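Chain IDs A, B, C, D and E follow the sequence of writing; residue 1 opens each chain.
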Amino acid sequence: MTSLAKDGTPASPLVEVKDLKVHFPIKKGVIFDKVIGHVKAVDGVDLSIPRGRTYGLVGESGCGKSTLGRALLQLTPPTGGSVEFDGQELTKLAPGKLRSMRRRMQMIFQDPLSSLDPRQNVESILIEGLAAHGIGADRGERRKKVAETLDAVGLPRWALSRYPHEFSGGQRQRIGIARALVLGPDLIVADEPVSALDVSIQAQVINLLEELQDQLNLTYLVIAHDLAVVRHISDVVGVMYLGALVEEAPSDDIYAAPLHPYTRALMSAVPVPDPDVEDQRERILLAGDLPSPANPPKGCRFHTRCPWAQPTRCADERPVLRQITVEGLETGSDHRVACHWAEDIATGKLRPHEVKAELVHQEAETPTEVAPPSEPTSII
Amino acid sequence: MFRFIVRRLLQLIPTLFGLSLLLFVWLHRLPGGPETAILGERSTPELRARIREEMGLDQPIWVQYGRFMKRVLSGDLGTSIGTKRPVTTEFLERFPGTVELTITALIIAVGIGIPLGYIAARRRGTWIDQLSVGGALLGICIPVFFLGYIVKEVLAVNFGWFPTTGRQDVTIDATRVTGFFVLDGLLTREWDAAADAIMHLILPGIVLASIPLASIVRITRASVLEVVQEDYVRTAEAKGLTEQTVRSRHILRNAMLPVATTIGLLTGSLLSGAVLTETVFAFSGIGAFIVEAIDRRDYPVLMGFIMIVAVIYVLVNLLVDLSYSLIDPRVRVR
Amino acid sequence: MALLEVKDLSVVFARKGEREVRAVDGVSFDVDAGEVVGLVGESGCGKSVTSLAIMGLLPKRGVRVSGQATFDGMNLLQTDERTLRDIRGRDVAMIFQDPLSSLNPVVPIGLQVTEVLTRHRGMKGEAAKKEAAHLLERVGIPDPTRRLKEYPHQLSGGMRQRALIAMAVACAPRLLIADEPTTALDVTIQAQILELLKDLVRDSGTALLMITHDLGVVAGMCKSINVLYAGRRVESAPRRVLFAQRHHPYTVGLLGSIPRLDAPKGEKLRPITGSVRDVLPWAEGCAFAPRCFNRVDRCVDGPPELVWTAAQHGYRCVNPVMEAETAK
Amino acid sequence: MTLTGRKKEKIDRLGELAGAPEESGQSLLREAFKRLRRNPAAIAGAIILGLFVLIALFGPFLVPHDPVEPIGVDNGEVRSGQGIIPGISGEHWLGYDHQGRDEFSRMIVGARQTLWVGVVATFFGLAVGSLVGGLAGASYGLGGKWGRRLDGFLMRTVDILLAMPSLLLAVSIVAILGRSLLSVMIAVGMVSVPVFARLLRGSMIAQSSSDYVLAATALGVKRNKIALSHLLPNSLAPVLVQATLTLATAIIEAAGLSFLGLGNPDSAAPEWGVMLADAQGFLDVRPGLAIYPAVGIIITALGFTLLGEAMREALDPKLRK
Amino acid sequence: GCAESDRDDSGSGSDKTLVFGAAGDAKVLDPTFASDGETFRVLRQMYEGLVRSEEGGTKPVAGLAESWSSDAAGLVWTFKLRKGVKFHDGTDFNGEAVCVNFNRWYNAKGLMQSPDVTAYWQDIFGGFAKNESDKLPESLFKSCSAPDAGTAVITISRVTSKFPAALMLPAFSISSPEALKKYNADGLGGTADSVTYPEYATGHPVGTGPFKFVKWDTANKSVELERNDAYYGEKAKVKKLIFKTISDVNARKQALKNGEIQGYDLVDPADIPGLKSDGFNILPRPAFNVLYLAINQSGPGKAATSNVKVRQAIAHAINREAIVKAKYPDGSSVAINFQPPGLEGYNDGVTKYEYSTEKAKQLLAEAGVTNLKLKFHYPTEVTRPYMPAPKDIYELIAADLTKAGITTEAVPLKWNPDYLNAVQTGADHDLHLLGWTGDYGDAYNFIGTFFDRQKDEWGFNNPTLFEAFKKADSEPDATKRTAQYKEINKQVMDFLPGVPIAHGPPSLVFNKSVSGIKASPLTDERFVTAEVK
């Protein structure tokens, strides 16, 4: 797959993910745990992120976005598939090698506060990574580097001696970004980097991310559930549903020509701050909720909620991500969709119909472990 | 659920095994053995040596342990060196007393502790709060022998409301069925015997309750404090529910979870920890008997009792964990 | 006279030994029967405190509430606790942001619904259960009789929010306050819930006070919109007016911050600088001045007044943005 | 923009007020300390403990009589064998104890030993408990399959300790180590080992799934370092609070051991727990001998508990509102 | 019918119940296996032996045997038995029954030979017919015969001062031969480390005493007896006699005050004035005991302690008068012998060591000992009749010694087994407190027990002294023997293996309503005479 970098030259992929699977075992057993099933959080994802570009991942809560991001960074060991980073296969890397590889791939988290150790001040947060990788000969050198990074993310110098809880949400997220940046990485996985922030702060952070990318030629994988945000910062958008990509397209195409029914529904659900648009537009309301990844529907995962679902194929054949050609519709070579009926839907041959919501039975994911005692037992 | 129970019971096996080994070695390492205890002031080296030899105490410890385990595995916990009665009999005779006492103490502690903790939390920061917490603390700070003395002096000697010792008036000719005197009284319809047994439980119950009381108050208070600022309490208020409904259904029911664990833990320690209370009230229970057994280096009793107490402790906590899943549907025991 | 008239509502948190926090500072707005009014602003601007003050749900100690919140002629702020308890849940109902934490985890959904019916409609036993099932059905929960027996954790996020709504509308309240009812939900679910709320308002003539930080949400459903900043209303207008020509730089900034799905790619966001923490006390001048791109000396002369234009459009700014500048 | 001079200053100053606090960085602990200072219960607790510590430090230099000299026996005033123990007098403010020693002097001097027992016992329990719990928690949280096994093993061991009646534990520790002040303190400390271990473990496991641990892993920080510099410090708060509360119970439990005849062998040296235990033979004759040390212990325990509870609240993010 | 008629002649007290607070549980109901005071107390009400102690004294007087005599060599003893005595099960008491009992003890086999089981037999009579352990000595008992129903003849193998006084020990009570057989009295079960008592010992004691067994309620810690209406002597005045165990002394006191018990033993001396002023009857027992400070001569400080001057210094350093005055109840006395006064062999003329710190210092100087530091063991959690507050006494002695320049290192240990184990074995102790309460009225039971051979407790070897004991013990003539004991006491106090400190009278207390009980130095109180108003 070739795509053009911002300056128009073809970019080689920095990250190649092939058939990535992350299955969390569900255990049960009397004496020894037996695996009785799997939560298929990520179930066969292929994607490729070109150098210097932004890949955006959207999807409903629980569809496996974060897991994908973590598996890509080997923070969660993948069950299957491969992750190639700059030509290196990560899944087979020895722990020590992987650790030093981490310098080049970093992560930004959703909740800036909880991802910062409340007992570390900003300086030690930023220096920790440097120390772990032996960057900078001495403390002075490291401090210099930290100071530069601080400037880059727009934090004042006095921030160094402060603790995370003393900052506002936006500033905290800047600290999180600085922590990733200070190592000089090539790839940054940003898991919902702005979801916890106020709109104004969100915009600041988005702008910051964009600026940094321009300056440092960073490659991003941005995960978010807000389609508008993802589309805004991404070059390519992947739409995820229940552990798999259902559509992947350049960010302009995805708005202009959404092909997958789920993408369409998602698109129509995003509120637009414009009364005229809101009043006019027609909503595709999805019935029910995301099915459980432990027990995903057979065939097309979306068919239980799909207004275009057909009696044939949908329920028994799992669609693959493919390119389609439809007359009268400009779809680029890099626009792929996983739907059996994408052509017919695009042309309007198939009409949406009513869907009855199915029951989704939610269970507490991890049974609460019985609380440890905290009271002293008495001798007497 | 069933799996959970089986699993926990199976987990008990290695724990018990470890405990028995540890305990055995530990006990046998204590200076002085049953022979000194038996002989007292009149011991001579020759006599001690003979007893040790006859009891096999001069053999290597692992041989002794092997013998012990063999017997235990065949279902025999041996007999007490001190009383020469089977350990199981001793246990069955003394355990009911301790259970009755523990239950009484828990009823008192919970009955006082939870309301007190609740009030303290709702009036957080006021003098009522400090008073409840401090008052509950008082109980644990006054040593049992002193508290027992005061309680007896006032409620028994002064007012004559309660008896001070034993589990039942010795002049009552009660029929024994289960060994739980109150229960026996009810079963045999000897009402006076049952009433008398209850009266005998109250003072030691109060004294024993003083130990868990502080914990219960503290946990209840902390737990209620946490729950009252949960969103669902606000929702309940927004629904216009009456104060009682909000309190009982929405606050207390949720606040009870940690309290339940604490009570479970406390039950465990009360079962084996009522030593002083049992002594001070001449109450026939296992706590006092264990202490006697320690003094006598009564190895079979110590091994047997502690193993049984450990099992009961685990069972009680198993029950608490199960009751957890009853109070809190989110908790699936595993 | 409007169903709910909030006048000069102020809430001050004054705890011993701590700095006073003026969370709400003289807010006024009306909500009429059958209409949806929006309360918009960033985190911490006082939206929730406003709604809690109206409901009388603020903590009793360490809080000073002043002003009026007249519901159907009765000042809720002066009403005694007992009467309030009768009104809450029956005449005025509320739904909260996080549906999971707002439901009691250890009480089945059914009981949580029926307890409202029992309390306010005197229904008991089977009748209450039937009505509860009916309510769940009405908010779009499939297989309601089974759901009644289930616990909150067994429902999905959307279902939980529906259940909360069912409880809120159980007594057909005349006023419904929704405090960020969709923030914790996915967009597809958010769309379902918003649709449901719209239907309810339309069908039963309930007044809805919609609290949100998402201008997109209010754009689609509110009749009029109030923008809050640092505890004060900084702009207020019917929604079309507001989106067409906003005057307060804050409102302008808010809109400039939102990436729009329908905007062409490559357009830069124009966020407000700084954060909500950088406020000026209102007494000193405009609280927004430190972040304002349009500030002038007059901004800090004193507290700016709300200025009304003809089209029920009010803004609290001495140097408002006029049409031309909005585009900038 | 169009802002000028003084006005701009005003905005900048006020604007920065929130963003840039007065002093340099305030750690969570400092914040907690600030909250603590505003809590009347904490202040009361601190005052009590302050007094207690002062008495412990300087008491021995200020007492009117030698606390170990059996004055009353030597001069024949005290005949406890016949139930004669003179009470409060001008010379002896709290009277004699059963051995004819000056009770007041013993109370004052006893504060030091009492404090020492509580502190050392708690420290021992804390140290051993934290070691076990920390190791278990860290290996469970970060260690994969083998970590879980190690954790399982450690926790089973703790279970055994917990299942063992604490009295027996204490008795046997004292029996094995020989009776000394140290073994009493170890025995008391040992009883709280499971509490600390389970508390720290639980807390560490909870922390180990937090984002900042993941962040540190993503940074490439080594596991040991994560455990020591992230997990441990962040899990310590509840343990420290527990330690404060344990201090109170440790004093009481040491007294319980003396009651069972396992206390400090140097019995003449005054310690409140021992004094209380000694008094049990004279409850009828001179209840004061029990009351004075009991009140001393209660007040001290109250001080620790007030402070501990206040600390718990100050450190608990959930109760911060 | 029988009970009805009894009621008339024994007066108004006949249906009364007396509840007595015991400090410990009875352990067994077969006297043969009994060895502790609490068990003895219960058994003494149900059983009788050939000989008993005089009421309120220690001398042997007629029990089931009305009189006894020995041959000139002191080996063959003829006991004339009381007539018309019946066991509780209605069978007759006679010479045959006596021999059945003695032969039962003598012929004990297997587990019955365990020192844990037949402690007193082995203490007094040594071994058995067939000793199963080579460590057992030859038996003192040789044979028993019953020439007629009213006579029992017991032959012993050597002369000893113990016989027949020792027969007053409850362990040598006579059981019903019928019942012994019926309830399988010798059928001890289990193995040596896990013995089980037979039925007779746990639930069917049958003796000749004034009370009969009713029940033993272990779950409520009480033993219930009732009047033996067929008793040959004066019948008991109470219908029921219940022993209730209350181990804590404060609890006993409060139970008494609360009317749950009518009397109890081992009164805390400090409580006596209070109880008296509350109107309770204190019955002090004559002090038949001694507390001593042992000075071990092979302990860590043996270099010093083996020097008699140092031991004398210690004796002088201790203010025994002050200790007795402060810590002992009225009626206590400072000990100058290792045996109580009033017992044959007591010697007033021994060397007395008056309290003088100066003298102590001087003696130490003479011995050339400086900076003496001694390990001082004392027991905790115990009060013995001779030692009401060991810790307090230790503290006072330690303070005295300090004044004389001897420092002590305290080693407090739990009484049993830790303390006894530590002071009776090994050589890691210099000073310790211990004492003795007499089992029966004989000097040997005191001083012989202490000093008749080399013991770890004392750590000295003094063959002359040991020889003197042997000689005295085998002296059949009582007067001569007494003279020898006197001499021994003198010898002991010059050798000074330790310092005798006090004789303290332990007390019982009874409710006002109880009368008729006489305190016994041997704790042989007879409830048969007790009356409850």
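Going forward, a residue touches a chain if its C-beta (ideal position, glycine included) is under 8 Å from a C-beta of that chain, and two chains touch if they have at least 3 such contacts.
These numbers were taken from a predicted model, which means no experiment stands behind them.
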Contact-graph distance - origin chain D, target chain E: 1
B-C or A-C, whichever has more C-beta pairs in contact: A-C
Chain centre separation in whole Å, for chain D relative to chain C (CA means): 48
Chain B and chain D: spacing of chain centres that average the CA atoms, whole Å: 25
Between chain E and chain A, distance of the C-alpha-averaged centres to the nearest whole Å: 87
Chain C, residues touching no fewer than two other chains: 153-154, 275, 277
Multi-chain contact sites of chain B, meaning residues that touch two or more partners: 31, 140, 143-145, 149, 218, 268-269, 273, 275-276, 328, 330
Of all residues in chain E, the ones touching two or more other chains: 250, 414, 418
For the chain D and chain E complex, residues of the former touching the latter: 68-70, 73-74, 76, 78-84, 98-100, 175, 179, 260-262, 265-268, 278, 280-285
Sites on chain A touched by chain D in the complex: 70, 73, 75, 99-103, 106-107, 109-111, 114-122, 128-129, 132-133, 156, 158, 161-163, 165-166, 168, 176, 179, 183, 371-380
Chain B residues within the chain D interface of the complex: 11, 14-15, 18-19, 22-23, 26-27, 29-31, 125, 129-130, 133-134, 137-138, 140-146, 149, 218, 222, 225-226, 229, 268-269, 272-273, 275-276, 287, 290-291, 294, 302, 306, 309-310, 313-314
Touching residues on chain D, where the partner in the complex is chain A: 19-21, 24-29, 31, 162, 166-167, 170, 188, 191-192, 194-195, 198-199, 201-202, 210-212, 214-222, 225, 229-230, 233-234, 238, 242, 245-246, 249, 253, 256-257, 259-260
Parts of chain B lying in touch with chain C, wherever the complex brings them together: 230-232, 234-243, 245, 249-250, 253-254, 327-330
